[in-house]
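Look for chain A in each of the two complexes below; its partner is chain B in the first and chain C in the second.
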Partner chain A sequence: MKKWIDRLARRVFTVSGFVTSAVILLIIGFLFSEAAGLFRQPIVEEGYVLALNKSNTVDRLSAEEIKLLFDEDITNWRDVGGADMPVRVFRLEDLDRLYTEEELGAEYEHAGDKIAEQVRADRGIIAFVPTVLVEGRTDIHLVPDHTIPVKDVLLGTEWYPTATPSPIFGMVPLLAGTLWVSFFAILIALPFGLAVSIYMAEVAPPGVSRVLKPVIELLGGIPSVVYGFFGLAVIVPLLQQTFRLPVGESGLAGSIVLALMALPTIITVSEDAMRNCPRTMREASLALGATRWQTIYKVVVPYSISGITSGVVLGIGRAIGETMAVLMVTGNAAVIPTSILDPLRTIPATIAAELGEAPAGGAHYQALFLLGVILFFITLIINSCVELVSARNKTKR
Partner chain B sequence: MNKIEAKNVDFYYGSFHALKGINIAIPTGEVVAFIGPSGCGKSTFLRLFNRMNDLIPGARLEGQILIDGNDIYDRSVDVDVLRRGVGMVFQRPNPFPKSIFENVAYGLRVNGVKDKAFISQRVEEALTSAALWTEVKDKLKESAYALSGGQQQRLCIARAMAVQPSVLLMDEPASALDPISTAKIEELICELSSQTTIVIVTHSMQQAARVSNKTAFFYLGEMVEYGETKKIFTNPEKEATQNYITGRFG
Partner chain C sequence: MKKLALFLLLSLLAAPVRLAAQRIKGSDTVLPLSQALAEMFMQSRPQATVTVTGGGSGVGISALMDGTTDLAMASRRIKFGEKMKMKQSHHTPCEFVVAYDALAVIVHPSNPVKRLTREQLEGIFRGKITNWKQVGGEDAKIIVYSRETSSGTYEFFKESVLRNKNYMSGVLSMPATGAIIQSVSQTRGAIGYVGLAYLNPMVKALAVSYDGGRHYVAPSVKSAMSGRYPVVRPLYYYYDKANEARVRPFLRFIDTKVARAKTLDLGFIPR
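Our next item is the complex of A and B:
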């Protein structure tokens, strides 16, 4: 009987271990496969094609060039490697303006001919039309589409996921926003966190730290949306007034909120680390005539530096992955920030805000998954750093 | 000339009466051993000489402790300055997480010494006097944790000696070490006694007999007997001392 229970228990543990690992691997696999799909997507919106005049030799357009052409920011073909002639943008809606319903046919059966007519007539035209209408025509020049290049995504500096005819998925602004906000959050949280943890571990009378510690741990349990709410109601207006900003939603607001959220982690982990510093170590320092403060910064802090680093890195980890609070206070402008007072947008906030409106399986949807993968790698690197630091310090002792 | 003098010392941890009416006079340049069973107050007494017990909340001292004739618990005494003159070596080796050199230089640095040549000269002297110089002179920049336990303890002695204390307190300095390292530490104590007054707490009666000139026997917070080591171990006056050194209890 005893043996039987033992065997059963072992089996239950094995199975649950395997199932959990499998689920995690499955999630990662799903994330990666969805993200990889982005690089198989055509540049131009699916089902559409760009048609040019036969005489136009332009054969390859990047998403950015297409956007500029259709925004009429590029008005001459010279700028994209063609002949010197003005650009005329033609969209499907223009067809309804130029022709009557009868001319196009009830089922749009003549639309292809009419589009071709327009394209033939203007050497500088660029037409954005459904593929089915013009498929197989030889009297116009259909720009051969290509897949979204990896470089344009990872190094692209513009994020216009819903632009037509071709969305732009440059992730640099989002990555920069994330790192920018996190960097400033740590810059704010580190001195405060270190000061509070030193106070609690070394200076505060036992009664005070007995009260303070649960309070700080409680801070770690507050839902992030509440922090976001606080940021929106208090920090954002405060920043707006202090710095006379047009809008208070800014990277700094996000950094402050994130710093508040990272503080409990930094404080509790580094305080524990400092408390672990052996009493005899402190006594040895004091016995040599060192003051309390000298003992703290020359012995206690160096001794617990690995714990402090872990706390800080865990804090950063939380800051980088944080979504809700940042979404609420940073202003969500997907541009590369030049100052911390600019509105910016982080990776998690982008995913949260846009996934709902991105059609499943589309390029936008896959781009968001790719952002998820990037985030995954950032946190992976951070966690490995923690492991590395604590492993290195274990061998040191 | 007495280096340390304790007059009617009573010491309390909260309501626990840890030391009861102790009087002792430790002459300059002697090695004095405190022996007695665990928990009898000898470490507590030792830690009064550099005010280490100040750190313990609820601790209270009555009576007087004089070093060089000055009451070290007087309000005007700066505890950092006092501790500079009274070095301490602990039960377990406790080097700082720093290089060997920086460990020894620590006491000088925290006391405001900036002169690099002076510091390195003193580090060498201290390591030499702790019989460690030849073993570590090529790896001064390495972490102190790379040393063996016995070497670490000698490093701690060097660290204490670097500030040239006139008193060296040793709280069971060899209890965590193997016999060979212990022998080295004992040898060292004999050599250092020419430079400083040494007070050593030990559990090992053989050790006390080997290294000390005078021995004090503590029992249940009282100092039962104090005298020449030879006399304590061969012809003690009190029966409790006799029982303890013959191994009948403790």
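Our next item is the complex of A and C:
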């Protein structure tokens, strides 16, 4: 009977182990397959095309150029490699303004002709129209579409995911924002976390640490939205007044909130690591005449360094992946931050804010998955660093 | 034979229920209004059931194409592509304006600027005007707040005020209207936009001119109803023409006095 239970238990453990790994691999596979689709998407919104006058020779436009053209920031074709003539932007909505409903037909059957008429009439026109209306026409020049280049996404510095006709998915500002805010969060959390954990493990009388520990663990149980609201209502105005900033939503506000959130993890893990330092080592150090402080930084901290590192990394992990709190306090401006007092936008906040309305399977949706992949790699790199550090420490000992 | 009889009986039983049941799906902006109207509708007609779900304008319209909803709520007009798609599958989308929603441009209460033209607003939200000095205010940087790109409000503001041009990349995007109010109320140089229903004394609403500065109109339910306030958008219901008989009672209900009063109560402008 016992043997059977034994065998059964072993089976259950094996199966659950394999199932979990398989599910994780499937999730990663799903992430990658969705993300890779982005580079197969055309730069102009699906189902639409850009039409030019026959005499216009421009044959390739980047997403950036299309945006500038339609924002009327580029007003001459010369700037995008064409002839010297002014640009006129034409959208489908303009059709309703120029023609009556009868002229266009109840089912828009004449819309194609009318568009062609407009395009023929103006040499500098650029029209953003549905492909079905102008397909197969020879009297206008359709700009051949190309897929979104990898370079524009990974090195692009502008994030306009819903711009029409051509969305721009430059991910550098988001990546920079994420790294920037996490870096400062750790810079704030690390000294405080270490100080508190040393105090609790080494200095505090047992009574104090018995009270302090559950309080700090409680901090870890507060939902992140609460931290976010606290940040928006308290930290943001506070920063604004102290630094006389024009705007309080900034990377620093995000860093402080994240530091607060990472503290409990850092403190509990590193405190446990320090408590595991053998009593004999401590006593040996004191017996040699070292002071308490010397014992802490020459013996206890080096002994428990791998535990402390994993605590710190778990803290970083929380900071990088945190969504809600950051979404509320960093201002979410997609610009590359030049100082920590600037507003910035992080990857998780972007995914959370935009995935809800991004049409499934579209370029925007896939771009958000690609951001997920980037986030996955960041955490992967950090985790491998921990493995390396702790492995090195083990061999040294 | 018995089976057939049972089937007939069941379908007879189900038929009146089916006629009265309606599904409404789509925009989150219209959602609170639809919910309130549906509740009132069901109270007045106990045999009717109306289920209302959100998900966004795009979700509602694609549900209409699949036939999984009877009415699609939308805070924007049906897109050309969506219309074509419906026509191809031999459905004719019909449009019904449920109510209007006005957007108010808001600033910090201490800001001396009281009014702006559309061109000035375009300049501010596109990053061409960066100091309040340039529009008659004090020497302070303009902090621009906007909604997230996924919101229908973001799209409408872009269409109406920015004439379809893009916002500058440095705008601060907030996840909700409440967050915009909170931020604008605590930032001296701030400017943002919210639905008329959300206006409160913590922020100051600006008068807006769409005719180059000849007439400025302050946002209010009255000015929006009379058509003088320009930043007003219609909120739509879409339904399939073949389905008209089924949705007609509910649409007719929206025109009743109680429904109009409720619409006004929720901060929307009745049709």
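In this text, the second predicted complex is superposed on the first by the 382 of 397 C-alpha atoms of A that agree within 3 Å, B and C clash if a C-alpha of one lies under 4 Å from a C-alpha of the other, contacts with A are read in each partner's own complex, and residues count from 1 in each chain.
Here is the rule we go by: a contact is a pair of C-beta atoms (placed from the backbone, for glycine too) under 8 Å apart; a residue touches a chain by one contact, two chains touch by 3 or more.
Quick caveat, the model's predicted, so the values are computed rather than measured.
Q: Looking at the overlay, what does A:K213 touch: chain B (first), chain C (second), both, or neither?
A: In the superposition, A:K213 contacts neither chain B nor chain C.
Q: Once the shared chain is lined up, is A:P278 touching chain B (first), chain C (second), both, or neither of them?
A: first
Q: So, A:P302: does it touch chain B (first), chain C (second), both, or neither?
A: In the superposition, A:P302 touches chain B alone.
Q: Which chain, chain B or chain C, is in touch with more residues of chain A?
A: Between chain B and chain C, the winner on chain A residue contacts is C.
Q: Identify the partner contact of A:T291: answer first if only chain B is touched, second if only chain C is, both if each is, neither if none is.
A: A:T291 contacts chain B only, not chain C.
Q: With both complexes superposed on chain A, which partner does A:V247 reach: first (chain B), second (chain C), both or neither?
A: Touch status of A:V247: second partner only.
Q: Taking the two structures together, which residues of chain A meet both chain B and chain C?
A: In chain A, no position sits in both the chain B and chain C interfaces.
Q: Would you pull the chain C residues touching chain A in the complex into a rising list?
A: Contact set of chain C toward chain A: 56, 58, 80-81, 84, 87, 126, 140-141, 143, 148-151, 154-155, 164-166, 169-175, 179, 182-183, 186-190.
Q: Contact residues on chain A for chain C in the complex?
A: Per the stated touch rule, the residues are 47-48, 67, 70-72, 91-93, 107-108, 130, 132, 158-164, 173, 232-233, 236-237, 240, 246-249, 327-328, 331-335, 343, 345, 353-354, 356-359.
Q: Taking the complex as given, what residues does chain B use to touch chain A?
A: Result: residues 50, 52, 55, 57, 80-81, 83-84, 86-88, 90-92, 94, 96-98, 106-107, 109-111, 143, 145, 156, 159-160, 163 of chain B touch chain A.
Q: How about chain A: which of its residues touch chain B in the complex?
A: My answer: residues 206, 278, 280-281, 283-291, 294, 298-299, 302-303, 396-397.
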